[in-house]
Structures are given as C-alpha cells and as structure tokens.
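You will see two complexes here that share subunit A, one where it goes with subunit B and one where it goes with subunit C.
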Partner chain A sequence: MVKERKFLKGPRLRDVSTYEFPGLKKALSLGPDRIIQQISDARLLGRGGAGFPTGTKWDLALQQQGERKYMICNADEGEPGTFKDRYLLEERPLKVLEGLMIGAYAVGATQGYIYIRGEYSEPIKIVREILEDAREEGILGEDIFGSGFDFDIKLVRGAGAYVCGDETSLINSIEGKRGISRIKPPYPIQEGLYGHPTVVNNVESLACAAEIIKQGAGEFAALGTDNSRGTKLISLSGDINISEVFEIEFGSCTLSEIIENLGGGVRRGRDPKFVIPGGLSTAALLPEELDCTYTYEGIESAGSSLGSGAIIVVGESRDLVDILLKVSRFYMDETCGTCFPCREGNKQINYMLSQHRNKKFSGQEVELIEDIGEVIAAAARCGLGQTSLSLINSIFNKFPEELIEEVIHVD
Partner chain B sequence: MIKLTIDNTPVEVEKGTTLLEAARQVHINIPTLCYEENLSIYGGCRLCVVEVNERRQLMPACATEAEDGMEVKTHSPRVREVRQTLFELIIASHDISCELNCLTCTRQASCELRNVAEDIGINRMRLNPIYRGLDKDLSSYSVVREPNKCITCDRCIRKCEEVQGIGIFANSDRGPETTVTTFQDKGMGNVECTNCGQCIISCPTGALHEVYHMDSVWDALYNEEKHVIVQTAPAVRVAIAEPFGAEPGTVATGQLVAALRRLGFDGIFDTNFTADLTIMEEGTEVVERVSNNEHLPVLTSCSPGWIKFIEHFYPEHLKNLSTAKSPQQMFGALAKTYYAETMGVDLEDLVVVSIMPCTAKKFESKRPEMADDVDYVLTTREAAMMIKAAGINICDLEPEEYDNLMGVSTGAADIFGTSGGVMEAALRSAYYLITGEELEEIDIKPVRGLEGLKKAEVPINEDLTLKVGVAHGLSNAKKMMEMIADGEEFHFVEFMACPGGCIGGGGQPISAELTSTETLQRRMDGIYSIDSSKKLRQSHENPMVQKLYEEYLGKPGSHKAHKLLHTEYTPRGLS
Partner chain C sequence: MLELENEIFLEMVHNIQETYGYVPEREINQLAEKFDQPRAKIYGAIKFYSMFYTEPTGKYVIRICDSLSCHLNDSHDLLLAVENFLGLKNGETSPDQLFTLEVVECLGHCGEGPVMMVNDKMYTELSKGRALEILKECQ
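After this line comes the complex of A and B, so read on.
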C-alpha cells in the first residue's frame, strides 16, 4: 500500500506573524558556502521539469561577480496537468518565501521576484498579502533578523503565456519585453534580468530548499534513490477517481501503484488507455509500462520522463485523434513564434491533424509528422519547442493500429 | 586560439568566433536566413543548425561559439535531413500560391529562399502553404510591405533598429500569428519611417519592395504626345550592370545612357549636372554662413532619408540644414523651367523621370514644396527591370553620351554617390570660392571610406581651418547629432541615410552572393575610378553649369537661384 511521505506537505502555513522562519534563521547563521553545501549534499534537482541540480545553480551564481544579483521564484506553473505549485502557494507559501530568501542570501541577491501565472488569482492574493505582512514584520527589508542581509521581493503577475515558464522568457516578461526565449549562452546565471546574474528556481525547489536547511541535508538525501533524492509532489489528474496533489518518496512505489492506491484507480474502467507521466511535454506510457518505479531514472527507462510531476491518466473511452488535436492546438497556441521549427512545425501539425478528424492517417502523413517532430526536437530554440511533439509522436508510436492505415501489400 | 574540426577539417579561430564564421574560414557554406552580417544574432530560422560532438540537440552555428576540441558536422545525414524538413516548413509559411509565386515576385532574381533551396538541394515539398490573408501595407510613398510573403526572420526589424537607429518595425501577435508590423499597425507611411529602404535590402524574400513607378513610366514612353526626359543619379552607374551579371562597381555610365535612349526617352541627362550645381549653391551658402557664423554647423540636405530623419528626431536643428534642394529636385525644377523654355516644350507634355539608387527619392518627389517637378522616380532595380523587359542587356551596348544641356558633369559630382563625396566635392570648390585659387591636392582622403563617422580639418587660409564631419547610416547620423549637441565644433557636416552613402541606397540591386560590405567597397572603388579618370574634377569648372548661371540664374545664391533651387523643411517630431 503506497503512502505519502510528507516532507513538503503539512498544515496550512500563511501567518507571517506566528511563523518562526527556522530555515532562514539557520541559513543566516550558516553563511552562503555552507548553505550551498547543504543543498548540494541533499542532491536536490530542480522541480520545474528540467531537473538541473539546484546546488550547482546556486554555486555558479555565488561565484558570479556583479554589482547586483536577482533571485526569481518561477511560479508560472503552466505545464498542463500540473497544479502542485498552486498547492504550495495556497497552503505553504511561507516555505516558498523562506526558500527564496535562503537562496537569495546564499547567492548574494538583494532583489527577488515571484512570477505567478496570471490565472492563479487566489495564490496571487495570498502571496501579495504575505509579502505585505513580511515587510511590516521586518522579515523583508533591511538587516533581516539582524544579519545585515537586505532583501525585498516584487510580485509579478504573468499574462498567460506558457512559454514564460521558460526562465529566459520569464525574464523577458519581467523586463516588459515579449515573452520569448533568449539565446543561451549567456545563461541567466551569467546575464539574466536586466543583464545581471539571476537565479530562477521553481516553487517546489525553493520549498525543498527551505526544508533541507531546516531539517538538514541528510534527512532529505536519505529519502529516495541514488539518482532521485527526496520526495516529489505529483499532480494526479485525468480519468481517475481521486485527483489531487500527493507527495511521494522517490522509489517508494510504481506509477501503477500511484494510480491504483492514491488515485483510487481509473474512473469507469480497470486499465487506462495510457498515462502521461510528467505533463504534456512527456511521452505517453501504456498500461504495461506503468510498473516502473517513480524516480527520474525509472520513468526514463520506461521511455518517458518525470517532467513536472503531472500524471495525467487517460481512460479507454477517449478518442485519440481528439487528444492529438487538443495537444497540438495547445502547442500551436503557446509557441512564442520566434524560431521557425516550433512556430511553423506546430502550426503544420495542427493543420494536418485538423484535416483528419475521424480518419486514419496514411503512412506518408505519419512520416511527415515524425519528420517535423525530429526537426522541432533537434533544432528548436528552447525547451518548450524541443519537447512539444514528445506526446504526439509517442501516441502515434504506441497506437499504430488505431491511427495508421494498414499498408496492403499486393504481391 | 581555439582549435576545432569542422567536417573533419581542422580550424583555428579566435575566442568568440561563432561556428558559422569558423566554417566560412575554411570555405564551408552553412545556409542561413535570419543571419545577416552587421546585425545582432537572432537564432530564429535554425537553418544553420549543425551537429556538435554527436549530441542529439543540434546547435545553431550563428549563435554557438567555437570551443576547443569541438567536432562539428555541418552536413551530416541528420543535419541535412533536419534542414530539408525545416525548409519545407519555411516554404509553407511563405504562402506560395497562384497569386504569390516566384515568377511574378519582385525578388524573382535575387530571392534568398531560392538560393537556400539550391544550397541545400531541396527535392521535396510535402506541406500545403497555409494562407495568412494579411493586407498589404500601401501607406508609404516609397516602400510596400507584403506580409504574406514575410517569413518573420526579423532582419528588417533589426536593420531599422540597429543600423538605422529608428525601429519602426516590431513583432506583434504570438506564435504562428507572429507578424512584423509598424506601431499600432499604422503603416510605414504613418510612422517615423525615413523611406531609406534599407529594410528592402535586408529582406530575404519579396515581402518588402519599393512603390513601383515602372508602369507609369512605360505609359509615358508609349504616349507619343509626351516628351519624357530622364536623369540618372551618380550611384546608379556603378550598380546598374549588376542585375545583368556584372560585378558590383562595374562602371556602365555610357551603356546606361544607350539603354535609356533605346527605351525611348527624349532627353537623357545626368543628375551629376545638378550635383555640380548643388555644390555651387550649397558651397556658396556654407562660405556665407561660416563667414557670418550663422547657424553652424551647416548640415547637408541631399539625402531625403536623412531629411525625414532630422525632421522627426531633431526638428530643432532644421535651421542648420543647407537650404539647397537635392540634385534630383534641382534637376526637376530646372527641367520644368530652364529646359522647357530652352527646348520649347509645353509643360503639359513634359514628363520628368529620375533613376535613383534610393527609395526615399520617391517620397521626396511627392513633397508639396517640390511641386511635382519630378514626376516619377525609378530605383536602380526598376530601371534594370525595364531595360531587361525591352530586351536589352546593358553589358552588350556601346557607351553613348548624355544629352548636352544638362548632361555634363565633373568628377566632384560623381563622388556624390558615396559617403564623404558631397563633402569632398564641396571642399574642393569652397577652397576656390574663398581663396580664388585651386586646391593643390584635390583628393581629400580623410572623408573617404566606410568608417561610420569621419572627421577632417581642412586649412583654407591663415584665418580659417574648416572642421568637417561625415556620417552615413542613420545610427551614425544620430551619433553625429549627439556629438554636435555635446558641443563638438564643426563648420560643415555631411549626412547620408544609407550605409556607404547612395552606393548602398535602398533602391540598389540586391546581391545574393556578396556581403554588403564587399558590395559597397566595390561600388565605392568604381565611383572613385570615374572621378580620377575625369579631366574636370571640381564643380566650379563645369562649363554647362557656368553657362546656366550666365544665361539663366545669374550667380550662385541669386534670387532666381533661391526660388528654383532652395527649399524649406517641415518639423515633424514624433507621432
């Protein structure tokens, strides 16, 4: 029986006046080097989807010289099926705030930003109030807890573009520019917001960092597997009986156990048609592929990736062409339009799919879709583009009988 | 130095060199579309992606710096496959159809897409173009935009912003709807566009082109009752042969005259004649204003792109502009007075055509104060199209002479076509006008060349050393204006809207093979070779200009000269 392992989850935590900020206080006494050592020892990987080691990111930022540095919390949670950051922002926002402040102190940033997706009106309200309270209580401002650390945070509300979850696009958006990705290098760590060294961390990564500093790196690193330490918040949704945010210790269960035990099984049926294990940018897994353990490496070996932790269960009655069309529509609407492969590729894919409602696809069409998928994956400018056809291609690969015309060979 | 291999060829490059530049060093051509020399890196088209160290993710060669030990494959099977499919996508976004097809396109002979198609050996097209149904922008007197042909490479945006320092273009909308447009979709004619046409030069497709006057000129030529005369600008003669396959810089003055005569023009004249005249008028004005210390520095007024620029961005300095009309408009004014009277041509029947390296000249000819003196303005490209359409290859013709009355010019007029030329020509004559003597060394080298900002001090006599400046390209013009505002002292400053001056004008042939710097250099060499081979090289020596003053205008700066040859400007400010 799968059970949650609550490292991040907990009772509602929104009252600045009663919260002690234990992680932050400890961090202020540790100093930057030892904070970063703790995060690195915990082997925390970024929880936004790309999985870059948080300790390394902070260390690189610390080493950057610059008259000022910025620390940004990426709360532009836009990956379809993902709502775990929303849980943290609504229920445990003080942990996020604390993580952001610890990071800022560690890398030497004096100004922070929380960039929240525009549709999250409730989290925006909550975070706004918390920032006001924190300023009043002297938690934000000058000489925080008498440590000499000065820091303040601006709240920025996104305008609804999925691509702004990409850190360089997010930075452009804060600067008031078009939400489009930047060419890397330079990486934000080198030249980010307004040209200054900038760290961008996901909400969950920051909450993890706050807990790691409070509880110690050992506590966190003891959880999970060698390559996947700690716990992960998952957003379980789709054709499932219980749709919710759960916290899973890495390696403690398989995907199918999550669906059966935590999700209460597939709605109106025994087996799903397929499962999307990490948000819309990850490849679909068939029922027989769900016995992989829930770790970065486990899901990769099954042929997909853990992504943002959004597990979307698709029931048997769903129409594949309809799903393909909706997924492609999403990427066509959300490509920023800067690089040609992503802009034109997603447009053409959507066009082709929309021409073929309720019909099977010919071999040539599938080949063309695969070719476009390869161009986008290999040549698009940012992560959005590169992964935009992962799901569509995997559905074609896994359901050839349903989607592809049979080739009749005449001898 | 960084050592790497590109397609198994060892290459050594400076740190900071991109893979694209490194490949070019060893003569490996990587196709590009959104890349352009002298513009910032955009990394949008992805055609230049290459394989680095066998990684799955391909890297854009334009935006990737060479690193030690890199193994780069520019044409591996995978790269070629990706490029082919990518090119299919680009072609589908280009809306090729019955209406929009290569045969009727303005860029039929200089299309970069076609070059790329050839370079990558495209042999398939599996995608349907998706029609975007965008309206043409016909708001400008000079430039037309056809957004359905636009592939959104943003080169025009960057050119306008980075090279010209203006930025009338921007992206609007998102994703596949992304378009290039002007502020609030107002159209190029309703924003701070200077009509310089540099965007046309940068466009890889036919999405930007001049407002064509060809049909009107054909009509006039076919109409027996009309007396059609034409003037050709200095920079046209070193570029007109390019569309016929000649190298940039090939001097084809006489062949151009011969071709125009075959086309049926009734008089073929040289804007150089009025360039010499401009020097007499402007030179006299400079001498007067310098001796009276009046509104200094004097700023030149022959580049209509520059004029619109200063009217928008520095209207407080309009009093510094020379009041002399540009050579094109001086010609127009004289054509409809001096020429018509001398030849006895009824003004009703007289049609005045210009051939200019310039798109802004189209706007200039429509300025109300110019009173329709010039009826139609053809760019060098349009002139070449007309000559071709008449079945003529300019390179095959024997050179002929301009008609006499307004066809004689000195070397000083020829160099008007290149940055620094107006200044050099003016200095040659200003020296004479002030001292009554001829300059010993008439080549004034410090004002020559492609350097964006040039300065020189020319000793005239014991009391006076003229301090002069030259700027070409409008971002350099902006820098020069800021230098002047900061108190740097000049007597006389030359401004040209286009990089290189008129030889790099927005109406010049577009070279698909050469980089812009190479093209400019060759055209510039051509211009100076004409000057140095002429017997008369100073404007005040022009016998036909002297005759014009004697018989018609009186002397430079006379009342009549002022009435015909000088103008005023409009403070436009920002919209």
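After this line comes the complex of A and C, so read on.
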C-alpha cells in the first residue's frame, strides 16, 4: 500500500507571529557557501518542470558580480492539471517565504518578488497578508534577525498568461512588458530583471530548500533514488476517484499504484485509456506502461517525463479527438506569439483537429502534424512551445487504430 | 522598456482595473506619460494579458474553466448551461452590463472541477443548478 511521505505537507502554517523561521535562522548562521553546499548535497532539482539543479543555480548566482541581485518566486502555476503550488501558497506559505529568504541570503539578493498568477485570488490574499505581517514583525526589512541581511519582497499579480511561467517571460512581465520569452543566453542569472543577476525558483523548490536547511541535506537526500532525491508533490486529477495533492517519496511506488492506492482507482471503469504523467506538455502513457516507478528516470524510461507532477487520468470511454482539441486549444490560446512556428503551428493543428469530429485522419495529415511538431520543438525558444506537441503526437502514436485511416495496399 | 523599478506596471494596471472595472484610455495615456513610452506600447502590453480589459466589462466577470481536467469533470455541460442562461458566448458582455462570460484555461482547481469564478470568488464542484442559482443571485 502506497503511503504519503510528508516532507513538505503538514498542518496549516500562516501565522507569522508564532512561526520561528528555523530554516532561515540556521541559514543565517551557516552563511552563503554552506547553504549552497547543503542544497547541492541534497541534490534538489527544480520542481517547476524543467528539473535544473537548484544548488547549481544558486551557486552560479552567488558567483555573479553585480551591484544588486534579485530573487523571484515563480508562483505562476498554470499548466492544466497542476495545483500543488496553490496547496503550498494556501497551507504552507511561510515555508515558501522562508525558502525565498534563504535563497536571497545565499546568492546575495536584496530584493525579492513573488509572482502569483492573477486567477489565484485566495493565495494572493494570503501572501499579501503574510508579507505585511512579516514587515511588521521585522522578519522582512533591514538587519533581519540581527544578521545584517536586508531583504524585502514585492508581490506581483499576473494577469492571465500561462507563458509567464517561463522564467524569462516572467521577468519581462514584472518589467511591465508583454510576457514573451527572451533569447538565452544571457541567462537570468547573468542578466535578468532590469538587467541584474536574477534567480527564479518554483514555489515547491523554495519550500524544499527551507526544509532542507532546517532538517539537513542528509534527511532529504536519504529519501528517493540516486537521480531523484526527496519527495514530490503531485496533483492528481481527471477520471479518478480521489483527486487532490499528494506527497510521494520518489521511487516508493509506481504510477499505477499512485492511481490505485492514493487516487482510489479510475472513475467509472477499471483501466484508464491513458495517463498524462506530468501535465499537458508530457507524453501520454498507456495502462501497460504505468508500472514504472515514480522517479524522473522511471517516467523517462517509460517514454514520458515527470514535468510539474500533474497526473491526469483519462478514462476508457473518452473520445480522443475531443481530448486532442482541448489540448490543442490550450496551446493555441496560450502561445505568446513570438516564435512563428509555435504561433501558427498550434493554430493550424487546432484547425486540422476541428475538421475531424467522427472522421479518421489520413497518414498524410498525421505526418503533417508530426512535422509541425518537430519544427515547433526546434524553433521555439521557450519550454511551452518546445513541448506543445508532445502530448498530441504521443496520442497519435499510441492510438493509431482509433485515429488513423487504415492504409490499403494495392499490389 | 518600462523600467521604473519602484512602480510595478502590472500592479498599477490591476489597480486601475479594480477602480474602473476596465482600463480606460485616459489611464493608458497617463501610463504612457509616466513610463515615457508610446501609447501603443502600453496598450500592447495591456492587451497581452487576458485578465485586463480595455473596454467596459459586466459588473460580474464569469470565468469557466474548460481545460482538460475540468473537461473530464463535465465542464462543457456547465458552460452550455451558463451560456444558455446568460445568452452570452465566450468573450461577450450582456447589454445591461451585468455579466461578461469568459471561457478560460485552467484556474488551478483541477481536482475540484467543474469550476466557475465570479469576479474574485471561486466556486468548485459545481452542478449546473448551483451555478445558475449563483448567477440568479447576481441579478
């Protein structure tokens, strides 16, 4: 039986006046180098979806010279099926704040930002109050806990643009521009917000950092597997009986066990038609592919990726074209329009799909969709574009009988 | 470049919209002056974000998510019922300026679909009947 391993989850934690900030206090006594050593030893990988090592990011930022540096919490959670950051912002926001402050102290940032998507009205309210309380209590401001560390945080509300979850788009958005991605390099660590070195971390990564410093890198690294340390918050949704945020120790179970034991099984049926293991940007897995262990490497070996941890279960009786259209409409609506192949390609694919209600696709059409996908993957400069066809192509690959016309060979 | 580090453009636009219900042209002109930018650039930045409006909206902005997870929880039926009740399609505002209907991508309550937002308030696990009740209360 799969059980949750609660490293990040816990009782509601929102009262600044009674919270001791144990991780932050410890961090202030360790100093930047030893903080970053701890995060690197814990082998924490960024939890927003890309999986870049957080310790490396902080180390590179620390080494940057600059009159000022910025530290940003990316709370622009917007990939359909993902709601784990909302859990942290609503239930454990002080851990997120603490992680952001630890990161800022470690890299030498004096100004922080929390960028929360505009639709998250409840988390916005909670975080706004916490920032006010923290300022009143002297947790934010000058000479924090007598350490000489000065730091404050501004809350920025997004305004309905999924692409702002990309770190360079997010930076443009805070600067008051259209939220389109930037060409890298320079990376934000070199030239980010207003041209200064900038670290952007996901909400969950920061909460992990706060716990790693408090409990020790060893505690975290002891969880999980060699390549996937610690725990992961997963958002379970779709055709499933229990749909919520769970915390899983990496490697402690398989995808199918998550669905059966934590999710209470597939709703209205025994087997799913397919499962999306990491959000709309990851390839679908068939029921027989769900015995992979829940780790970065396990899901990769099954042919997909862990992404943001959003597991969407699709039931047996679902119409594939209907689902393809939903996925495609998301990318058509949310492309920022900068890279031509992503803007036009996703629109054309949506058009092609909309012509196929109750009608199969010809081999030529499927080839065209694959081609467009390849071009977008090669030409788009942000992750949204690059992965926009992963799911759609995987559905064509895995359900040819249902979607593609039979080829009649004439001798 | 809108580089006024102490003034966050997005927050200013949010505040304008909270005051007027949309971003009126005179405010765009003022932003252009403040940030020393062409009006077109300010307008272009504002129009990028789907939550900002440069035309008056209804008193109640109704947002219904029809992304995949909600769709699997029958959000499409909810949407049809609301469209029918309001006599509006995606993006339209009622002639009496009471309602604006928006079909949106993911509101982050994927485990509690279908969901509907009325201005800032989120309603989860909605039946069609309950949704219409909520809308009737707004009238």
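Some notes on this structure:
Simple rule for what comes next: the second predicted complex is superposed on the first by the 411 of 411 C-alpha atoms of A that agree within 3 Å, B and C clash if a C-alpha of one lies under 4 Å from a C-alpha of the other, contacts with A are read in each partner's own complex, and residues count from 1 in each chain.
The rule is short, and it goes like this: a contact is a pair of C-beta atoms (placed from the backbone, for glycine too) under 8 Å apart; a residue touches a chain by one contact, two chains touch by 3 or more.
This structure is a prediction, so every number in the text was calculated from the model and none was measured.
When the two complexes are overlaid on their common chain A, residue A:Tyr351 makes contact with subunit B while staying clear of subunit C.
In the superposed model, A:Arg178 lies in contact with both subunit B and subunit C.
Comparing subunit B with subunit C, the partner in contact with more residues of subunit A is C. Looking at the shared chain after the overlay, A:Arg86 reaches subunit C, while subunit B stays out of its contact range. Using the contact criterion defined above for the overlaid structures, shared-chain residue A:Ala161 touches subunit B and also reaches subunit C. When the two complexes are overlaid on their common chain A, residue A:Asp333 makes contact with subunit B and with subunit C alike.
After overlaying the two complexes on the shared chain, residue contacts for A:Gly148 are found with neither subunit B nor subunit C.
In the superposed pair of complexes, A:Pro11 makes contact with neither subunit B nor subunit C.
Across the two superposed structures, the residue set of subunit A contacted by subunit B and also by subunit C is 161, 178, 333-334, 336. The touching residues of subunit B, counted against subunit A in their complex, run 41, 43-47, 49, 56-58, 60, 63, 65, 78, 81-82, 85-86, 89-90, 92-93, 126-128, 130, 151-152, 171, 173-178.
Taken together, the subunit C residues at the contact with subunit A in this complex read 1-5, 8-11, 13-14, 35, 44-45, 48-52, 63, 66-69, 71-72, 104-113, 117, 120-122.
Residues of subunit A touching subunit C in their complex: 77-83, 86, 117-122, 154, 156-162, 173-180, 194, 235-239, 243-245, 276, 280, 310, 312, 314-315, 318, 322-323, 326-327, 329-330, 333-334, 336. Interface residues of subunit A facing subunit B in the complex, by the touch rule stated above, are 161, 178, 183, 185, 332-341, 343-348, 351, 364, 368, 371-372, 374-375, 377-381, 386.
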